[in-house]
Amino acid sequence: YAETDSEYVKAKGTLVVGITVFQPMDYKNEAGEWLGFDADLAKAFAESLGVKAEFQEIEWNNKILELNGRNIDCVWNGMTLTSEVLASMACSKAYCNNAQVVIVPANVAEKFQSVESVKGLNFAVEHGSAGMEVAQANGFKTTNVQDQATALMEVASGTADAAIIDSLMAAAMVGKGTGYENLTYTVALNSEEYGVGFRKDSDLADKLNAFFDAKYNDGSIQKLAETYKIQAALIKQ
Amino acid sequence: MKILEVNNIRKTFGNVEVLKGIDFSLDKGQVLSIIGSSGSGKTTLLRCLNFLETPDAGEIIVNDEVLFDAAKSHITSESQIRKNRLHFGLVFQSFNLFPQYTALENIMLAPRLLAAENNYNGKSKSEFLTQLESQANEILAQIGLSERKNNYPYQLSGGQCQRVAIARALILKPDILCFDEPTSALDPELTGEVLKVIRGLSEQKTTMIIVTHEMEFARDVASKVIFMSDGEICEQGSPSEIFENPKEERTRRFLLRYSGK
Amino acid sequence: MELIIKQMPVVINALNAGFVQTLKLFSITLLGAFPLGLLIAFGSISKITPISVITRLFIWIIRGTPLMIQLLIVYYFPGLVLHNPIWGGGESGRFTAAAIAFVVNYACYFSEIYRGGILSVPVGQQEAGLVLGMTKRQIFFHVTLLQMIKRIVPPISNEIITLVKDTALARIIALQEIIWAGQAFMKGSHGISGAIWPLFFTAFYYLIFNGIVTLALTKLEDKMNYFR
Amino acid sequence: MELIIKQMPVVINALNAGFVQTLKLFSITLLGAFPLGLLIAFGSISKITPISVITRLFIWIIRGTPLMIQLLIVYYFPGLVLHNPIWGGGESGRFTAAAIAFVVNYACYFSEIYRGGILSVPVGQQEAGLVLGMTKRQIFFHVTLLQMIKRIVPPISNEIITLVKDTALARIIALQEIIWAGQAFMKGSHGISGAIWPLFFTAFYYLIFNGIVTLALTKLEDKMNYFR
Amino acid sequence: MKILEVNNIRKTFGNVEVLKGIDFSLDKGQVLSIIGSSGSGKTTLLRCLNFLETPDAGEIIVNDEVLFDAAKSHITSESQIRKNRLHFGLVFQSFNLFPQYTALENIMLAPRLLAAENNYNGKSKSEFLTQLESQANEILAQIGLSERKNNYPYQLSGGQCQRVAIARALILKPDILCFDEPTSALDPELTGEVLKVIRGLSEQKTTMIIVTHEMEFARDVASKVIFMSDGEICEQGSPSEIFENPKEERTRRFLLRYSGK
């Protein structure tokens, strides 16, 4: 391999970005093109390196395999910086705030507005996710599923009482005008941050940090955040 | 003394009339040989006698009891048919021994099940079984297979299998024992031992109907010969009448084919 | 390498737990599919046309779609479409749903094998029984059944070997069988994260499981060879 | 219901795209596994003991482990352990890896069928050829081959039907086949999110695909029935 | 004029000596019948003559040419064996017709492949094929199967199959035509037509070796009879010597078994 990760990426001319479908960070428009807050930023970052961004959907369970096996170059997909993530990847600074929120059917939402009130519920959480960690920390009963979308479906199908997912995702996927109109989100169980993951020892994490600083200073990140209505969650760089 | 009377048996498969009115009768202790070319209906006739096929018309009378009357056949119960079958025994061309049972078990299975239904005719089960086994052993000795009684069919030669099949039919003491080409699935060398057993039975005055292609044997052992052709009895008579002075052209032509000249 | 040796006991423990689920699913599928398959086979050769037509259509649909989709439908359909989440969300509900999907799927495959087995016992065996004055019931139990079993052992064996591997599909509804347990170490579990070898290591479990099942089936086949 | 009708065209489009991947994988697996299976079959009946032992061991391992794990190993092993990510991360690399895993897996299954087919042609056919002064080569091509093909059509058909459904496994390495495409609407894709029906709808694709394949194979079987 | 000389042929399978030194000779145009009980080594002997088995010892001489000498067998090339085989023809008990070819194609396949290797002996391909086909048609007429030439084996009766098998061997014009129980897989009724064809060949002075269980036929058609027992030639002579005045006790016992008395 090339000396550093950035040389490796430049040599092949593409930055392969590992993603899953996650509104509003990464998703496809009706023409089939990738867009979203993360997707747009990744395109810009790749451009700054002089390479092309290539988006690759992955099985979220396999993200570390994908990264270490060099099938992708980074995981940039609203990834919460959990202790496990920090331990196994070289991560950028946090760029976005997030919270783990409780999803329940809208018709019973009133009963579940506090951490205390949701204690007895049966939760669906994504296996290995920040949501799972929070649930365990609170001593909740959980069922671990493959991804957050499945966790939502578990609540919709009644196979779980509630789910814990990212607040950003919740904002985009549940409630009026979404596919899950009968669900809503209530309590936030923690606050946490999103970051971008690279291979361990990669120099790209630092390069991305510098890129974030520059873009924050010229105000373009803020504008992008407004486009996707997540300006409230943005972290100052 | 007439043991069997067959009147006007007809059988149609689809729109092919396979039996076109068969009439014949048989006296107790007689041996009847049925010969005829392939497809003439010999097997179908035996199957009718054993109630494996239901004739479309005709009667079957055994010992003056009407076992079958086509006109009433639809009201005959399953269990009545079962009883009727026991007047006849049938030995198949391909033996049809039960492969999972030894020779002895093959012979004892049917009488054992039958007796179990009737509470062993008032005997104790073990008493009955002892009696049955000694009876089976006797028959095995008669057919010369005492030493192979604990062998499975696959361990027996074709000739031995056929002899077990004969024993299996004999133990139920049928009035009339039928054979459908009992040696045609056998090596020529093994044919002899089966024919010897049948010959022995005829000497003991067992009433038998034998469908066979062994012309020499048919002539030898039969008291009466029927030549079938195309679903009809073309000619019947004593062996010497049929084999030495066939009246019908068809009979003559059929017999000629066997010499290969 | 040293790391692997240190992690080994933890991993083995977790994989064993996953393997127990695999094993449970395997056994219950067999126990359920053997009798259900026979029932379906009788349905498919029934002389009552509606029964046989419906049964055959059902078999065709089940055999024509991936078990993966069947699992998803059995588990999520009641809640999502009927608004009646009969399974509950716990591991035991998932297991029940998985077991039902597997049993039905395998019963359909078995039923076709049974059907072939029943039809392949020569009709001469039945006729021999009839001629000896046996009833149809007696013929089925004393003559046909064992011969049928002998004939279906090899194809059923193939299906059983396939089942060993198919159990892995249950992870789609989050049943934590052995591959799930192996993958957990990639994401972080029991204080180990980013470890891939446990996942690949599950292959050995399958090989050994498979070997044992194959051996047992060969034994069974041998046992049936006392007759031909 | 109305919503579904509105979403239908978009969903169908996406599912079609996924189905093309399924179809491609299906065809390439067959094209590759047919000849490779023959090669492996010859290896497994080779008279050179090391070759036949190694080939049989290989077949045993491949048939004894889930295709799911084989997919994971083929795709991730080069990069993770050999530090040589030969597949790249794109869809085409994933497809190549999936195709290789499928071809090898199915070739092993086919090889056992070929082996059975070769051994089941009665030795009398060979001897008749020899006695007529034919060479072994002439006997293989003019006498044995077609009889072998006739015998293996039914078991190969079964495997092909299984392959139709097995293609779904490729999603484990993120190959976007039809079930993946169906699931995407749960997460959000083409402006639709939280829709489950597209996933269940994929079952129809399988049923139809399966029906067509079954029909084609029955035709082939009929064609071989000009002799017995 | 001696066409075949067999000297001291021995063959062992595992540790069972199946042929214990077979010596005999045959003149051109003679018909040799080999009889003997099951397992006596008759099939093995025919297979040795056709190079399907390699004898452990002995010689095979045809027309004074040594085709096989056990002492030198290891240096014989594959293609030499192929050439040697063409001196003999072999008709199997179970016909072994090629099921995917019609009767005509079965007959023409081997000569066609052979000629293709030799560039059709200088002829054009189509000219050769026309000649071959008319030759095949001639043989088909001779065995009475002209009308069935485009049928596949499964569409033919056993007797017809066996006749095609004979034609297939004949078209290669072997010096000696061997038959291994050519009728024992046939219904007795179909036996006649095959025997008739063989009888026809003997009238045309075809040299033949026939292993058979059809004693009457063997006696009729053979110019010489060998009785084999336990891997040895127990007795040989003219048909009347063997069948009417067997010298050996074993021969007598064997012949008795065929009558079933």
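Before moving on, here are some points about what is shown:
Chains here go by letter, A, B, C, D and E, matching the order in which they are written, and residues are numbered from 1 within each.
In this text, a residue touches a chain if its C-beta (ideal position, glycine included) is under 8 Å from a C-beta of that chain, and two chains touch if they have at least 3 such contacts.
Keep in mind it's a predicted model, so treat the numbers as computed, not measured.
Ranked by number of C-beta pairs in contact, the top chain pair is A-D. Centroids built from CA atoms put chain E at 38 Å from chain B. Measuring from the averaged C-alpha position of chain C to that of chain E gives a distance of 55 Å.
Each chain gets a centre from the mean of its Cα atoms; for chain A and chain E, those two points are 83 Å apart.
Per-chain CA centroids place chain A at a distance of 36 Å from chain D. Counting only residues that touch two or more partner chains, chain D has 72, 76-77, 80, 196.
In chain A, the positions touching at least two other chains are 62, 65, 68, 150, 153, 156. Chains that are in contact with each other form these pairs: A-C, A-D, B-C, B-E, C-D, D-E. Residue ranges of chain A in contact with chain C, taken from their complex: 61-62, 64-65, 68, 82, 84, 87-88, 122, 124, 127-128, 143-146, 150, 153-154, 156-161. By the touch criterion stated above, chain C contacts chain B in their complex at residues 122, 124-125, 127-135, 138, 142-143, 146-147, 150, 226-228. By the touch rule above, chain E contacts chain B in their complex via residues 37-38, 184, 187-189, 191-193, 195-196, 199, 213-214, 217, 257-261.
Listing the residues of chain C that touch chain A in their complex gives 75-76, 78-80, 83-85, 87-91, 93-94, 171-172, 174, 176, 180, 183-184, 186-189, 193-194, 196.
The residues of chain E lying in touch with chain D in their complex are 50-52, 78, 82-83, 85-86, 88-90, 92, 94, 96-101, 109-110, 113-114, 152-154, 168-169, 172.
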